[in-house]
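Report on the following structure.
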Amino acid sequence: MGFLNDPILFIAEWLSALLSGWGLSDGLINVILTFLGVFVVANFGMLYVIFLVWLERKLAARIQDRLGPNRVGPYGLFQTVADILKLFTKEDTTPRGADKVVFNLAPILAVFSVLLIWAVIPFASTWVGTDLNVGVLYIVAVGSIGVVSTLIAGWSSNNKFALLGAFRTVAQLVSYEVPMVLSMLVPVLLARNMGLNAIVQAQDNWYSVFFWMAPIATLIFFISSIAEVGRTPFDLLEAESEIVAGFHIEYSGAKFAMIFAAEFLHAFTISVLTITLFFGGWQGWGDQFPIVGWVWFMIKSMLAYFLVVWVRSTLPRIRIDHMLNYNWKFLTPLALVVLIVTALLDRIVADNVDILTSQGQIIRSATLFAANVVIAWVTVALIRRRARQRPARVPVAQPRPVARPPEASTPASS
Amino acid sequence: MTTESLLWLLPLPPLVSFFVIVLLTNRNKALSHAIAVGAAALSWLLGMVVFVRALQTGMEHLGEEPFRSAVAWLPTGNTAFEIGVSLDPLGTVALFFVAWTVLMIFIYSTGYHNYGQPEGDHDLKGLPPHGATLTDESGHKHTVPSVEPNYSRFFAFISLFAFGMYLLVVSDNLLTLFVGWEIMGLCSYLLIGFWFAKPSARAAAVKAFMTTRIGDVFMLLGLVYLYSLAGSLSYEVIFSPETLEMLADTAAVGGFLGLTAAGLIGILLLVGTVGKSAQFPLHVWLPDAMEGPTPVSAMIHAATMVSAGVYMVIRIFPILSAGGGHGELTPPMMTMAFIGAFTALFAATIAVAQNDIKRVLAYSTISQLGFMIAALGIGAYVAAAFHLMTHAFFKALLFLGSGSVIHGMEHGVLHTGNHDVDPQDMMNMGGLSKKMPITFWTFTIGGMALAGFPFVTAGFWSKDEIFAEAWSVFANEGNPWGLFVLVMLGLAALLTAFYTMRQIMLTFAGEPRTKEAEHAHETPWTMTLPLVVLSFFAVTAGWIGIPNDFLGLNLGKINKFHGVVETLLPSEIEIPALEFSFVPLVVSLVVALGGLLIGWLLYKDFKAGQTDPMKRLLGGFFPVLQNKYYVDELYQATFVRFSEWVSETVAFRWLDRAIIDGFLHTVARVAYNLGSVFRDRFELPVIHNAGDLAGESVKKFGFNFRVLQTGRVQQYMLLVLVNVIAFGALFYYLLEIAGK
Amino acid sequence: MIPLSWYLILAAALFSVGLYGVLARKNAIAILMGVELMLNAVNINLVAFWRYQAPEQVVGQVFAIMVFAVSAAEVAVGLALVISLYRRRRTVVAENIDLLKW
Amino acid sequence: MTPVQVIFLLTSLLVLGTALMVVTAPNLVRSALWLIATLFSVAVVFVLLEASFLAVVQVVVYIGAIAIMFIFAVMLTRKVMQDTGPQTNSNWWLAAVFSLLLFAGLAWMLSTWGGFGAQAAASVPETTIVDLGQALVSPDAYILPFEVASVLLLAALIGAIVVAWDR
């Protein structure tokens, strides 16, 4: 195998050879290589964020008919670098009465939780940090650590807005985890496996990509993971107009940078997860060369990321009760239905045709796709009926006049 | 689907419709009768399919091995009681006429109960509708018939009834037959009492129920006895030659009257039939049953239920005739011959003097059933079955026709508003032939069939066959019973023809004798259509039974019917080949034509206000006939009074009051004293105080220890922990250390 | 290798710590936390016994999962109780919740 | 002292230390955070026991759901941020004593038990998640406990809603 074919493994082999040449024990070599891998992946992520920030700002600007960063470097490429420098040189404040340790722990946990996800993501057929056989579950677990980070960040900074932000976070993240996990289970049961790489390898043709078998699940996963990241339209945990900046109101300087970076990296991570679970990750023409697979992986994930940015810069923020209703009354039941239907149908199909042969896969995809279409149609019909039944808008609170002119002697309601 | 499964399905639709109507749709008239008629039509369809398949199989073959399928129903000891369905030639015939008449009557009922008419002004549930007044645009009111208040209930009931009948026909054992039989008994009770707010209807319902009960009890006895002997009630077992032999050879229990077991069983079952199809001692309920709506009369008391009795007797004919070869008759058969012949003549004479159009038909039904029973009595069960079928058709036709007449009369009554005119009294009718032609013609056809008008009508052929059989029993086997039956039935047939003619003349001929009769008019198509259909069968149903050698000339095998039913008997009892003889033919011709002629002569110019020619003719004997030989009064005076006396005096005063109550009261007094002794000596001092002591001590204890309850969970848990550790240590010590 | 005893001792110690929390803490939520610790000790025992006694059957893991379910349910209900309690009595201190005394 | 033993000792120290912090920390949110740490190290113990699936489930269920619910509840049920006064009730020393007694008793009884020092089977037969899942839902295995557990969860869900409903 040549360098061009599979550089990472090449380097790894070379290094291990070198170290064993120095007379280190195999276990130690293993440890060292693992650490190197972790180092590489983590730094790749963190550095990639810099580019992502710039990209997002550019895209958002184009979509909203602005110019976006255009001063520093060509096309303002280095704008983000400048920002980062500024952030690092800023004073790092800690509010009085804050719980110092926890306050400082939060941003670390934030980055930590996102980076942990990257440990199991297959970049190419052979480039996997660690191919856990419970990868999907692992992702959920690590995501919950992210929730903890936001929560303690909000709590520890001894600020009512931050605390409100934290509460909203819990409400939103915990509840949107439900449809997300449910829709993640669909590819799991389609691939009969929980390992991410196995899931990717299960979708080895353009027609056996899980998107065809579970479009609704894809949509649900995408939406609810956007909510998990807490971006527009679900950015209630940092709604500037309501709770000044949400849980990270008190953060500044490097810590703010870390939270910020964590959010952006998370946004990219969810697009990566989307394509890994539903669009066949690194699969593509010529993916027997890991390098080509990596290229495919990047292309797909960037397209998904573009979608995320598009959504963000297009949609307005939704109200909190809408947000919760949307989750509990729409996404979760739909996800459950999709999960059950997919399980039953796939079982039936797998019993009747051999899903390893290509035409078996085609039959499978066609069946499940049809089922999804039916489900979608029924859902839309139901929503129509409901919309016709109820008045579209229910007021949550009556506006109360703060100051009343003296002649208005009628006491206000309540 | 296989024919067997069709047979299983056959009875179900009416049952389903019964439950659906009762439980769900009883508020919606249209839906209810749609369901009921639909179910009847479905059963009819199945029945026709089965019928056609049976014909394709060929009757002889079907007789050898009928369609049959059975399932184990309830385990009795080590054998399972089997129920199942079967279809043999007799069943096929029965199925044919049952399906047709039932369907027709369902359709007829929708019209008879004025479906589509407005709600009545002051109609009550349980009373016949009184009509509703409408005001047309020109502003003057006029009265139209109003829809039956209990419309849906009626359809529910007759659906259940149809279920019972179908069950009885397709069942392959006597038990399910009995079940269907009882279901029909219940339905007939419910339907006779359908207008339960009329006291007469109530009384009639009770009477019918009680009377048939008498028969059914005996029948059940017979079934039990049969089962205890044969170990099964399914036809193929009990009609198998060896079973019959065994029954014929074993003497009846206790040597009862020196009968054989077969004889005793036969007589017991026969009593059931006597009750069901209203033979002489138990015939009293049938005329009163006419209180029910006319479709009910037609269905229960002409077409199906009363024929069920005869059907059952034909079924068990092998048992009845077991032990008797050709020539001599077994005791049950003699009984039947006597009862049947007597009833035929007896009822016919009564029918002559009745004025109520439906009662005439009721008595003629009794007498016709008598014909069948008598025919069976002399072993001519083929003729009996034949007459059963034809009679079902033309008698249903007649009843429906009379219902149509009554309906027309009610129109008139509503029009004049004079409600004390009885629309059922023939004296109030007359000249209806012009008002309601369809009814007239169909009724006439039915009447002719009943009277046995020669060569065309069904009744002629069936009666003729009975006569022929009777004659051959007399002439060929020199059995006096044959002659007896022939004579009695001949007279009965004469009277039959006569009163039929009388009825037709009174009802349709001449001029209207009341204003109501003038304003009567034809009934809706839902009522006339069944009439037409049934009249078709009333004529043609007889043609399949024309003897092969009629008038001595060889007509080839035109008689389909013998082939159908002969196969019923076990093969070794063969039917005496019945060769043609002119005597019975002449007899039937004479009686039919003669009776009709007399009737015409007597009643051809009968005007309003005249006295009934019969009264002039019979003079003092007429009231006797009109009052049905005072049989009811006789029963009233003997049985009813006696049973009342028994229940009042013996049972109530002596037995209940004196003996039982006295005993109980003494026991009570003794027990009371004993108890008081116990209370004062034992309970109060000992137990009472002990209980108080216990309670008090518990209370004190609790009062002292309640301090422990601090309401703090953690302290409780602490205590628990302490105990756990302590007892753990203790047990550990006991088990491990001290144990060694 | 590690003998089974270590795990058992660890579990016992964790159990006792949790027990102490349950018995000693004022705050109802803290008590619930103690319960969680005890449940975890139980889980450690289950898994350890599975690993050391019957690794070829999944029964140990199955029952560990049952314990997960049970503890989740317990926490849900317990916290709900605590919150409604707080709504009514403005306190979550276990000692002040003594309506059940004489 | 093989490295595995070292790791085990470190982990168990972590477990016990954090657990102690949970039960002694004056600040409830702190103790909730310590609880998270404890649960995480228990997950590590599971990993040492080669039950990786359970480890991940531990993280998902406990940290992802239970611990967060704890923190949430703590935040909902307090007026001021800091807890004032002692966090232990009057008879805490009794509790400590009896807990120690219990621990001692347990340890002693265990030490007298035969299979105490048992060594692990050399290799765990590869029980994949598939086996586990099939064991959970196959009628000849543990479907009944599984169903009971799910019914319990459902009941707890409804019960929690009913109890915490703000009327």
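The chains carry the letters A, B, C and D, assigned in the order they are written, with residues numbered from 1 in each.
Methods note: a residue touches a chain if its C-beta (ideal position, glycine included) is under 8 Å from a C-beta of that chain, and two chains touch if they have at least 3 such contacts.
All figures in this text were calculated on a predicted structure; none of them were measured in a lab.
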Requested in this report: Name, by label, each chain that touches both members of the pair subunit A and subunit C.
Outcome: D
Report summary line: Per mean C-alpha coordinates, the chain lying farthest from subunit C is B
Requested in this report: Mind naming the chain pair that shares the most C-beta pairs in contact?
Outcome: C-D
Query raised in the report: Measuring from the mean C-alpha position of subunit A to the mean C-alpha position of subunit B, what distance in angstrom results?
Result: 79
Query raised in the report: If you average the Cα atoms of subunit A and of subunit D to get two centres, how far apart are those centres in Å?
Result: 29
Report summary line: Chain centres from averaged Cα atoms put subunit C and subunit D apart, in whole Å, by 6
Query raised in the report: Once you find the CA centre of subunit B and the CA centre of subunit D, what distance in Å lies between them?
Result: 77
Query - Multi-chain contact residues (two or more partners), subunit B - result: 714, 718, 721
Query raised in the report: Which residues belonging to subunit D are in contact with no fewer than two other chains?
Result: 53, 57, 65, 89, 91, 94-95, 98, 102
Query - Junction residues of subunit C - those touching two or more other chains - result: 19, 23-24, 94-95
Report task. Could you list each pair of chains that touch one another? Result -> A-D, B-C, B-D, C-D
Query raised in the report: Which residues of subunit C touch subunit D in the complex?
Result: 1-10, 12-21, 23-27, 29-30, 32-34, 36-37, 40, 43-44, 47-48, 50-53, 55-56, 58-59, 61-66, 68-77, 79-84, 86-87, 92, 94-95
Query - Residues of subunit C touching subunit B in the complex - result: 19, 22-24, 31, 94-95, 97-102
**Report entry** subunit C partner contacts - residues on subunit D that touch it in the complex
**Finding:** 2, 4-5, 8, 12, 15-16, 19-20, 22-23, 28, 31-32, 35, 38-39, 42, 45-46, 48-51, 53-54, 57-58, 61-62, 65-66, 69-70, 73-74, 76-77, 83, 86-92, 94-96, 98-100, 102-103, 106-107, 110-111, 115-121, 124-125, 127, 131-132, 135-136, 141-142, 145, 149-150, 152-153, 155-157, 159-161, 163-166
Report summary line: Touching subunit D in the complex, subunit A uses residues 97, 99, 102, 132-134, 137-138, 140-145, 147-148, 151-152, 155-156, 158, 163, 166-167, 170, 174, 177, 192, 194
Report summary line: The subunit B residues in contact with subunit D across the complex are 714-715, 718, 721-722, 724-725, 728-729, 732, 736
